[in-house]
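What follows is a pair of complexes built around chain A, which joins chain B in one and chain C in the other.
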Partner chain A sequence: MTLDITQCLLDRGEQPRDLSDYQSGMPRWCDGCGDNAILTAMQRLCRDNDLAPERTVFVSGIGCSSRLPHYMKTYGFHGLHGRALPIAEGVKMSRPDLTVFVSTGDGDCLSIGAAHWIHAIRYNMDLTVLLHDNRIYGLTKKQVSPTSPLGTKSNTTPKGSYLDALNPLSVTLGVANVSFVAQVVDWIPEVLYQVLSAAYQHKGLSFVRIIQRCPEFMPGFFDPYLQDPSRTMLLTHENGLTLSPDIARTYRNQRAHDPRDLAAARDVASLEDPIPVGILYHDPDAARYEELRHAGALRTADQVRRGLDAELDKFTIWPERG
Partner chain B sequence: MSTETIREADAATAAKRVTRLEEHIVEIISDSGEGAQRCGQSFAAIAAKSGNGIWTVEIIPAEIQPPARSIAGASGNRIRLGSKRITNGGDEVDLAVAFNEQVLIGRVRAGELKPGATILLERMWRDDRDPRIAKSYVEAVDELVAAGYRVLEIPMEKECRKLVVDPRRGKNMFVLGMLCSIYSFDLERGREQIAITFGKKDRKVIESNVKLLEAGWAWAEENLDFKYDIPGIPAGEAQVVMNGNTALALGVLASGMEICAMYPITPATSASHYLSEIFERVGGIVHQAEDEIAAANFAIGASYAGKCAVTITSGPGYSLKQEALGLAVMAEIPLVVVNVQRGGPSTGQPTKPEQGDLLSVIFGSHGDAPKVVLAVDGIEDCFYAMITARKIAETFNTVVVVLSDASLATAQQPFARPTFSEEWLVPPVDQSEIASGRSPYDWDPLTGLFRRFIPGQPGGMHTVTGLAHDRASHVAYDHKSNEEGLRNRSMKIAALQRTLRTPEVHGDPDGDLLVIGWGSTRGAIEEAVDRLRADGQRVSSLHVRFIQPMPSGIGDIMKRFRRVMTVESNWSDRVGDAVVDDENRRYAALAMLLRARYLVDVDCWTEVSGRPLKPARIAEALRAQLAKEVAR
Partner chain C sequence: MDELAFFRLTGARAGGLGPADGLRPALFARFADLTALRYDFPLVALAPEDGSFMPLSQIVDDALAAAAPKGVGGERMRRSALRVEREIRTMLARGDRGDIATLWPRAVDRLAMRGGEAFVLDASAVRAAIKTAGVLIPCESEVGSLVVSHIWREAQARKATRARQTIDALAQRLGDLVRADLMRSETGRRPDALRAGVGTRHQDTFDFTLMATLLSAPSGATALTPVRRARIERTIAALRRQRFFAAELPYVFAFDRVEEALAAYADRLPAMAGLVRAMSVAELELRNAYDEERHDEYFARFDERSLTPQELALFPDYLVRLHAAGADAAGRARIVEGLTSGAPLKIVFVTDDAFGLGAHLATTAMGLGDAYVVQSSAAQLYRVRDRIAAAIDFAGAALISVFAPTAEMTALPPYLVAGAATESRAFPTFAYDPAAGMGWKERFALLDDAAREGVWTDHELEFADADGRRTVTPVSFTLADLALADARRANELARVPRALWSDALVPVASAVSVSANGHVPFVYAVDADAGLHKVAIADRLVQLTRRCAEAWRRLRELDDLKREPLAAAAAAPAPVADAAPTVTNAAAEAGPAVAVAEAPVTDEPYIETPRCTTCNECTNLNPRAFAYNENKQAFIKDAKAASYRELVEAAENCQVAIIHPGKPRDPAEPGLDDLVKRAESFR
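Presenting the complex of A and B:
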């Protein structure tokens, strides 16, 4: 496994990268789609942290959200519906030296990939997971998702959906070894960026639910929230979000919340309206699976030879000396 | 065959008859947890060290703790030992040791005992306090004697009680001592074996087991009037004795692969168990994923970012992985998948062997998803196939499926101890800069091959995708790009085929009948062919290891025989069934592939009995086929 220190040093000496070093192709998302805001924030984040594009991997599943890697000039893996997380875990286990981001949608992560979501939280590998949650299936043209509100009319629920929405924050906060949970909305870019930065800085799996607009299939759904800032509740704390004066002036509905407090985080997670925005939970000390498994350990041919020979000895019948 | 019931005193004075044999099949069966498995394995190891050829077959009940004394609960080991190399489990048992009559009845009913076979039966049940048990025992013994078996009632528990408090644990070593006496093995080898088996435990444990061994030996020496001698030829070079799954795990280690992602499933899991024990010492990782799908995708992610990874599974798990394998084919990411086949479909027969997955492995995953399929043909091949598979996967950027099955998983056989070669390993992950102007899919126009870009390589940034894509790995829906991808992914398989050697014919290069097989059945098929050839029949066999692509030259070989048939352990319609005719008959998997490729009227004989194919059954089928030819 590789850790090329020389290359890292060389990278440092180069000109700082600009946004174009992370941009690839022309996004094909709809006008007004929240994915655009997420992409912009991620490109900014890569630039501001001067991430080496060749050491950065964006992994995604299937859905509108999962096109994101194609628009990053980094390595990318646009995988299977629901399976972004196990692919990303494999990448990280094989190459802990790489920075790995995961883009996944509400259908991708919370429905078809639900098993992987729960277990990824528990593995707590160092991945930054962006849950692009527009509360509807977009790429397949409007079907309810697990986060669609009760009564959502869609092509598979023409009379309105039958069940209450699943709350991804509450579920995530119920999983053992959870280490970072946050929620943001696509229409407050400054906070989106700040939370994504904190998620990136966290060592462990950071799970960020990004509530985003789908102008095509959920048109106007979030308008009441955009029009009335009091329906967004910002979580503030010295260990969490610190608000700029502009944001603090616009969004006056604020609540002090210590992200180290799991019980309080679970309370906050259960709130739907106003939408809580900020870092709900952060435990920097949770065990990381790739560390426990000594991912990236160096191995030599001699080590393999010795390991193999020691094992073969246990099964060997040596010729009799005579 | 004589029938007798031995009492301790009766035989004491009897003179020993020593019968020299070419080979024998021994079975040791008990309730699960009574140690018949360990006894069998130890006996096999002693035989192998004494220079005998051996092949062992585990007898495994489907349940973890089946009720005691139940017909379906037999747990134990079959050992076929002989003067020459043994390549399969053989036909029926010559000598059975049973810890109770119920497990024995199960084996008798399954037709596993040779007519007149010798049975060494624990006699304690005759005097059981529960009159129903005593009655059942007496009835069973009477029935077995009436059926012509030579039943010897042995006071195993009574004898062991003289040495240990709990004879239920330890009876197996008493039996081992008896078997050492019966088969004229050096008792010292038995002592050595106990030291190896219980090496990790207290010295007292070893001593007590050695006492039991010696007691079993002494009892047999005093009370039994027969002995066998199967002369062995000690090997001139170092041999290893292990089962197929152990060999698979060691093959993974030796191949230079570093990550194995798996989910527990029978009968594949024991390979991962062993790998979990040894892999970390050489820097490897076994990841038990949350499910089979995750295991496959984890392995794909690991392969994508570094060295080729492996996922190990059995039928139902393989079905779940199919979508992921299609992704690896589409994105051209190397991956090794092991499928230790079991009875299917659905949950089927988890502990029983079957060759039922070939077609789903070759054609599985939707769309055109060409991959390499390699079927191991023995225990030794379980080791080397992993090294070959890893190499092919990485050279051709493709999925390589290695097919084994439940019979190889647990069967043991000696083979030459492998000598490590650095060439088996993978070079370090390429992190060099990619020259400008190169594309992630620079398909070679002749072979479809390309050098993939690995994260960390400056200048190689691109996004791999399961969507149709062009050379730049950009999503491309135009027909040209789509066809270019399909063509190159398929062409790689043809390019690999050009490097494969034609398999060798077992027997004469021409004749009346060619039998083609694949996988674990090699030894049994070749033994059946040898029996027919010894009778003057013009029969030969061919065993295919690479099934996709299939090496060249097989068509030419088939032409030299009047008739070709496959012998497989998967379902094929029986010609005698009223609704089955030439137009609707479903052929065995390999037969179907051969018929389609070579336009040859390949017949097939298959048996799906949940146990390894027996040479005698195959020989019978081949004779029937030859008779059919004569009748034509």
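Presenting the complex of A and C:
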């Protein structure tokens, strides 16, 4: 809770922030990498919502995507492979007052971190999760990921991959207590920003799959989609995405889709070509784990000490008690 | 002048007219002993999560549903439990008080002699299935005050818990700041402080003197300044000192006089301002946002006038329990003053006089506009418990006006008389919620819905006539009937001997609506032996009855506002049909329901900036010509800074093909023909 008068004093005291207040270092991603677009959209989102850098956390796992926290001038946690979500849940559990974003990739989230992914969806804690899906392991120089299309030739599959790609949207929409699922492409920045804003506004876990180009290891893979706007299908609805005139001119392939309709969302999720872009599903009323478990309860120094003692005692050997 | 007309005009009984002592309203004939009946009362006061109140009969039913086996044994258990329940009612009517845990075993003891062993076993089985504990509240003169106090207490406890959590968290986190600072300070790095930091088990393991020399001063100038530390410590002390919420030395918030509550509120305003100031300073400190230059002076001038409604609503409400007996004209004026003072007084006003001015207090208070008002007789309290809770939660003053009979008024069962006060329109049930909307329509709700059409409620009176034949006659239950249940109205009633029964005696309901000379209004009454009587009514009471009918009609008019919009909508003319539709149709035919922009036609180079994906290709190629805007999306900053070749190459390199090179600026640029050809696809 913040008192009215405090809010009033804070509002008067602070200078409006600009993009540079959220920028840190020069991104080491390749030129033309979709991660650049995602980073810019996130920095814009932070600026436009006036997020205090010291009250904002970016958590990531391992991969190209997971370098994102390095380039945000906020708190960040570059975690273990596949473990971005449990770390983010821990942060949210002990500090529910912080805004927490998660950057994870198709390998990090859908392969080694798949168990955490499913349960994070079910826990529905208030996190904004960005799935940077370039459909390949790029940081380790090209191995297949769960979303690589059938036949992808890589260092681990020189004769081409053997299995159909996993569809992260369909899986997510099948998990109980799912509350927000969207899909965007990195090459329509305006829509990317719009969807990320909606995801941030949603209270609960918002899962945004961002289809992104990897010019180095999947060169030209998305060119047909970039060159032919009709192969992108924008989902529009008064409860979802409304398009600007510029976007509406370029992308004329549109479908009205109500994000409250789970069955229709599952239909849309299974489409591959054209790529559906927009908010597939939104349920603002799904239960949130941190609220059910009263996260952020006050702990005195004494309680913390007793808790630590109890934990450490589990590993203590007491020779005198023989 | 005959004796009836004389009585009607003067209230003096002459000739054969007798006093109405010992008579009850005829419709009460069937209800002699309420302890044998199951109804709302006694109520059991519960914790808020269990719903605040529950009738004892409901609790017994729930326990039976859980404990009673199917078949004969279950039926026997049910009878046993109902006997205990009835005994508890009898004990309460006799004046015993307590909770289920004390009264249940006592009732069982009293019945055990006759009931035998099986009864005792049954009763204890049902007792074991009762999971709720709470004080039993019978329907008696104190019931209004008890019910409202219970709801108020629970609401304040909720408020206090919330506020204490906030205040404790602020104090603790401020304490963490000071502690962290101490650990970094020179004092914190002294050997004794370091020794204290590792706990007793390892105090001999380390050389703390050496450790103290090894630990260097922390870098940076982030330590608390003495001024800031003093401010934080002052703030922690102010937060710990508060007396409003579950404090060690708490203020009292329940009063029996309006003026005492108002004085207490006024006295504490500076303390309220002090606490809010401390909370706000704490919030700023914790965000590292306290700016001495700007905030010192503001907080120095901060006082009770600076408090906003949001902050005032954090603080406890003041309960004032009043009885009509102590409220003369000056007392009623003080109530109005209390309700308009701006202080969050929750006044529960209990009256046993349905005929006096106290009975109109709630209607008066509604006129004040900004106080929450609930009116209910004791018999309706359980039904309006949610409204009472809303009145307590309302951010502002509230009046809860309750009619509850006292022993001074009547020897009849209080629940019956309270119900009669509602039924007779003397004390209608209604609520007025200023926060519900801008008009009466949203704010006012009449909660008595019986017989909305007429003024009075209609009943049938069944009796045996002089020849022993069953006779049924329609009667209305009016304020004059209620007078039979109020000893203080005895002078306005006269028992009419059968010899004087004639057409001149007319039912009071028709006498109120049609006034005719020569008629004397009457009501039916019964005596202790169920003998039927007619009781004549003096004019003074007829006038009160007429006023009561008027008051009821006014309330119903207010309530009818809710229903008017439907009628108004039906009567309103249909919307004009010729202007709007054409526009709608045109839009519908245009395809997607969004506006579509057209591409610009120009020879100048340009970038579709909103589509830029920030890939750095063009800005790396020529940072003077290509730049990022405030959203980090590329635009052409200076077209003259780029050759046509660079523009075309940038267009070719752009992954999303949003760079348009336009026409060449310098006709002398080498290789122009080839470049123009390559630029064709980026027109």
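As a convention for this text, the second predicted complex is superposed on the first by the 287 of 322 C-alpha atoms of A that agree within 3 Å, B and C clash if a C-alpha of one lies under 4 Å from a C-alpha of the other, contacts with A are read in each partner's own complex, and residues count from 1 in each chain.
Methods note: a contact is a pair of C-beta atoms (placed from the backbone, for glycine too) under 8 Å apart; a residue touches a chain by one contact, two chains touch by 3 or more.
Here the structure is a predicted model, which means the values were calculated and not measured.
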item	value
Partner chain(s) touched by A:Pro245 [first = chain B, second = chain C, both, neither]	second
Which superposed partner A:Thr236 touches (first chain B, second chain C, both, neither)	second
First, second, both or neither for A:Ala37, with chain B first and chain C second	second
Partner chain in contact with A:Trp187 - chain B first, chain C second, else both or neither	second
Touching partner for A:Gly79 - first (chain B), second (chain C), both, neither	first
Which superposed partner A:Asn49 touches (first chain B, second chain C, both, neither)	neither
Partner chain in contact with A:Arg95 - chain B first, chain C second, else both or neither	first
Of chain B and chain C, the chain that contacts the larger number of chain A residues	B
Partner chain(s) touched by A:His119 [first = chain B, second = chain C, both, neither]	first
Partner chain in contact with A:Ala301 - chain B first, chain C second, else both or neither	both
Chain B/chain C common contact set on chain A	1-2, 4, 52, 54, 298, 301
Chain B to chain A touching residues, read off their complex	45, 48-49, 234-242, 246, 250, 253-254, 256, 258-259, 261, 278, 280-285, 287, 289-291, 293-307, 309, 323-324, 327, 331, 414, 417-418, 420, 422, 425, 428-429, 431, 455-467, 474-475
Contact set on chain C toward chain A in their complex	165-166, 168-169, 172, 176, 179, 276, 279-280, 283-284, 287-289, 291, 294-295, 298, 306, 308, 310-311, 592, 594-599, 608, 610-617, 620, 630-633, 655-657
Chain C-facing residues of chain A, complex	1-6, 9-10, 12-14, 18-19, 31-34, 36-37, 39-40, 43-44, 52, 54, 186-190, 213, 215, 226-227, 236, 242-250, 252, 254, 298, 300-301
Residue ranges of chain A touching chain B (in the complex, touch as defined)	1-2, 4, 7, 24-25, 52-55, 57-59, 69-70, 72-80, 83, 85-95, 97-98, 115-116, 118-119, 293-295, 297-299, 301, 303-312, 315-320
